[in-house]
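Multiple structures are listed underneath, in structure tokens.
In what comes next, subunit A is part of two complexes: it sits with subunit B in the first one and with subunit C in the second one.
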Partner chain A sequence: MGRIALNDIRKSFGKTEVIHGVDLAVEDGELVVFVGPSGCGKSTLLRLIAGLDRPTSGTIEIDGADVTRHSAANRGLAMVFQSYALYPHMTVRQNLSFGLENTKMERAEIRRRIEDSARMLEIEELLDRRPTQLSGGQRQRVAIGRAIVREPSAFLLDEPLSNLDAELRVTMRAELAQLHERLGTTMIYVTHDQIEAMTLADRIVVLRKGRIEQVDTPLNLYNRPANLFVAGFIGAPNMNFFETTASDGRAELPGGLHIDVPQDGKITAGIRPQHLRLANREEEALEGTVTLVEALGAETVVHARALDGTAMVTVLSGQPNLGIGDAIRIALDRGEVHLFDAEGQRIDPS
Partner chain B sequence: MSAASRFVFRRRGHGNRWHWTDVVTWIWLIGGTVLMFGPALWLVASSFKGPAQLAEFPPTLLPYTQITAQVEGYDDPLPLFTVTQEDGSTTILAEIRRIGTSAQMVDPDTPSERIDVDIENRAPLREVGLATENYVEPLVTNDFLRFLWNSVFVTVMATLITLLTNSMAAFALSKYRFAGRDAVMLLIVATLMVPLSVILVPLYSVVNATGLLNSLWGVILPTVATPTGVFLLRQYMLTIPDELLEAARMDNASEWQIYWRIVLPLAAPALAVLAIFSVVWRWNDFLWPLIVLSRRETYTLQVGLNTYAGELNVQWHYILAMTVVTMIPVVLVFVFLQRFITTGIAGAGIK
Partner chain C sequence: MAAIPRTLGAIVTAPLTWIARAIDPPLRWWQRLTGLNGMAAVFLLPNLAIFGVFVLFPLVLNVVYSMTAGTNILLGDRSFVGLDQYQRLLTCEDYTQAITCREDMFWTAAGNTFFFVVLQVSMMILVSTITALILNRNIRGRGFFRAVFFFPVLLSPVVVGLIWRWILQRQGLLNLIMVNLGMEPEVWLNDRAYAFTATIGVSVWAHMGFYTLILLAGLQAIPKDLYEAAEMDGTPPARVFWRITLPLLGPNLAVVLVLALIRGVQIFDEVYVLTGGGPGTSTLYLTQYIYEVGFASILRNPGLAAAASILMGLVLVVLTLVQLGLSRRNEQRGSRQ
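The block that comes next holds the complex of A and B.
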């Protein structure tokens, strides 16, 4: 079992409050990813759950029991650190057994668990080496192995892949997904990489400045971002935003393109670069000048400046014949437009 | 010519001629070697000389012993001398006794006949030999084995306790956050500026009051808390990542286990440096043991050495021999642990 609930968690370092009242429930067996820009408090939140730091106020429950005042050791969780934090003076085997020895577990059981997890992670032949003799990917496996042998009620992973090179990161990401599938244990995963978040998560928690912005499945985050921040953070390249003022249920975008809006006043219209296309001659369109063309082969990313100076990015399929300085007319599908009010909150079309 | 000798003897000058830098290098290196090793070699050579030879002027480089011969009619072996006769020829005679400027001598072949010789005309017959009694005498009859044991006991115990207490203090000061931590650290480092001579009298009162006078523990305990050690270890422990400690905490390790199984093994290079320092300090300590220890059976080597320097008579041959004995462990420590000294100081230094 590994149901984790956070109730109004606050954390201050001195006078600065870094977590401003977080409520969250993680279901048993769920893989939840904390994502957000650096300094958003995602690692701090993970450390609070782990018990390495104490919250200033609020309670943490694991399987219904209040563990807020329990020490890290007594919470039954295992953590994988960003730097792996393998004990450099111990062999891999000793690294794996250290936590089990401390719980006065029987030797036979320790050996069984180490062999099981070593087989699962394919690190059997590394057991008698020291961490300094391992490559980055191998260290990563050992760090995960050290968490697995504990058979915890939940895994906490703090940017576990950020020290690996790009290629290895992709493989390890797939392996982590498989591992979660096989173990079925709750995992909380911290990352700033939205691709990791999108591919791994059952649910994503988007954090900003110590507050939860939105909690939802990856596709819901992408399709229905709750506010401007989430809309801008999830998806690459970033969503285009056009600030405008609506009246009589209509708003005008640069270039004279009109969209229907359910409320008047200052609004922001957002549209993903993937949902823009080159306009036909007779269509209403966004007009601008090309400032940069990034040809990737299968698709082309076109950066342009609208007539009112707003930057916009378009992802066009194929290799259109465009150059810097060319005038460009871009059309959009009105169903793909996201609308946000003056406070940046999502407006659902009525 | 082998590669090694070619390497050593090659010169900068073209065509293997002498360049002035070659000359300077050779003079510098040879001079440096003499300067470094000269005193130590002189000490070792002199420690094998008898008292008479030590008083001799000009001094000899190598230790010599007087050749003696067993002469019929005399109980003890007699020293042999080369005597120059009036006609210029030389013979070897044994000396029975010396009276003023003349010596009563005897030919070992004709023991019944005594010859008076002016001491100007005789020179002692000697060969290179070691006066090993310089070593045997103090070690066997003058309790130096006892002193040696005391010194070893003081050094080993003091070093072990120093490492344990200093590493604990350093662990707390580097890895825990608590109010006044920096103030405590500052206070500890500040005690570096108080020399022993200033606190000698109060320290003596404390040791006296606790009944540790004339006990080896009275030498050991006041010296174990060293600010240098705490500072050195703390600086090193600051470089141990906190994540390792947190990982251990997640691994159900108690704070004691974290200290004993994680921090201590990782601080091994700094501990080695402190161990070397501590061994050398405690082994060479003189003033404090001299004050605490006044019973002969508790003397350490350094205090024991002092007993040979009396007010009227300094027994140089014993002092020199026992100084060599005293030096041996320190030299061994440096020979075998010098790797740690350099890497440790480089690693434990201020980063």
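The block that comes next holds the complex of A and C.
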């Protein structure tokens, strides 16, 4: 079992409150990813769950038991650190067994667990090496192995792939997903990489300045962002935003393009770059000038400046013949427009 | 004729520019003659000259003196005796009994130095480690305490000796406090055991700040994550110390051990001021023996002192080689990480 609940968690360092009343329930076996910009409190929240820091107020429950005042060791959790935190003077085998020896576990059982996890992670041949003799990917596997041997009720992973190169990160990401599938244990994973978040998570928790902005499945976050921050944070390149004023259920975007809106007043229209395309001559379009062209082969990212000066980005398939300074007319699929009110909250179409 | 400098910057750098221009032609000529390796020799020459005059020459002179006899200082007035001085120092009927040795004071001083070094270094490492561990914690006034523990290192050894003599002498501060507390005063510096202990204590007090600093740097280099990983595993504090802190502090402890050994063997100034080697010969250490035989006694024997200093130097060379070996091993380990 590994159900984790956070109830109105607050954390202050001195007089500065960095976590402002977080409520969250992570279901047993779920892989939840904390994502957000630097300083949003995601690692702090993970450390509070781990027991490495104590909340200023609020309670943490694991499988229904209040563990807020329990030590890190007594929470039944295992953590994988960003730096791996392997003991450099011990062999891989000693690194794996060190934590188990604290529990006075029988040697045979320790050996069995080490062998099982080494087999699972394919690190059997590395057991007698020291961490300094391992590559980044191998160290990462050992760090995960050290967590697995403890057979915890949940894994806490603090940016575990951030020290790896891009290629290895993709491989390890897939391996982590398979590992979660195989173990079925609850995992809480912290990252600032939204691709990691989108590909790994059952649910994503988007954090900003110590507050949860939205908790949902990756696709729901992408398709129905709750506010401007989430809309801008999830998806690459970032969503385009156009501020405008709606009246009589209609709003005008730069270039004279009109969209229907369910409420009047100041609104922001958000359109993902992937939902924009080059316009035909006769259709309404956003008009602007190309400022940058990034040709990626299969697709081209075109940065442009709209007539009112708003920056916009579009992802076009193929290799369109566009250059810096060219005039551009961009059409959009009106069904893909996200609307936000003056407070930045999502407006659902009526 | 060089142009006259006009700006302040040019005026300041002008002499250097003129010197550079003056030495440029001979340097170019030398480089053409010897290549780049020859140029390295040119740049090393000033330092080598200083090293030669102040280290190498006295060292060679010392070896020469150790093979001569007599009370005269001038080499020309001294007679060559080969290895006689070494023989005199090393001849004993029973090496466990200093009194049976031809130069019994040398063996007494060597024995005292041995026990002093063993006890002082052990104490030094223990106290420095404990202090570093405490200063590494997030305690209030940490910066202040770090300065306090380092302060004695800045004092001249003579000042250290005088301060402690003032505290420990018969009518010193310590006895004054004891009398005021209704206790009997002690003759701290006139009792063999107390005086020997005092030399150890004072030298530990005077030098521990330096070693604490080395160990503190080592402690701070241990990643915090390792302790958090141990905390997640429920590792008891004692096991964290023995299995994580101590092994990772090992390279720093090795450096401290060798440095403390070297400095322990060389102990002189503060002890000389504090006890003068007494009472009797209970705090007579090797360096003081060398000083007294060579310069301070009426029947001075510079040749014997030189031979004793060469023997002591050999011990220090061995310890230095160990230290260099350890440093190199640490560097290699560091570069692998």
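The rule we apply is simple: the second predicted complex is superposed on the first by the 350 of 350 C-alpha atoms of A that agree within 3 Å, B and C clash if a C-alpha of one lies under 4 Å from a C-alpha of the other, contacts with A are read in each partner's own complex, and residues count from 1 in each chain.
Rule of thumb we're sticking to: contacts are C-beta pairs under 8 Å (C-beta built on N, C-alpha and C of every residue); 3 or more make two chains touch, one makes a residue touch a chain.
What you see is a predicted model, and the numbers here were worked out from it, not measured in a lab.
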item: Fit or clash - subunit C, subunit B, common subunit A; value: clash
item: First, second, both or neither for A:98, with subunit B first and subunit C second; value: both
item: Subunit B versus subunit C as contact partner of A:132, first or second or both or neither; value: second
item: Which superposed partner A:77 touches (first subunit B, second subunit C, both, neither); value: both
item: Partner chain(s) touched by A:321 [first = subunit B, second = subunit C, both, neither]; value: neither
item: Partner chain in contact with A:52 - subunit B first, subunit C second, else both or neither; value: both
item: Contacts of A:88 with subunit B and subunit C, given as first, second, both or neither; value: both
item: Partner chain(s) touched by A:280 [first = subunit B, second = subunit C, both, neither]; value: neither
item: Listed stretches 7-15, 43-51 or 79-87 of subunit B, narrowed to the one that overlaps subunit C; value: 43-51
item: Interface residues of subunit A shared between complexes with subunit B and subunit C; value: 50, 52, 71-73, 77-79, 81-83, 85, 87-89, 98-99, 102-103, 146, 150
item: Of subunit C, residues touching subunit A in the complex; value: 223, 225-226, 228-236, 239, 243-244, 247-248, 250, 333, 336-337
item: Subunit A contact footprint on subunit B (complex, rising order); value: 241, 243-244, 246-254, 257, 261-262, 265-266, 268
item: Contact footprint of subunit C on subunit A as seen in their complex; value: 50-52, 71-74, 77-79, 81-85, 87-89, 98-99, 102-103, 132, 146, 150
item: Complex interface listing, subunit A residues touching subunit B; value: 50, 52, 71-73, 77-79, 81-83, 85-89, 98-99, 102-103, 146, 150
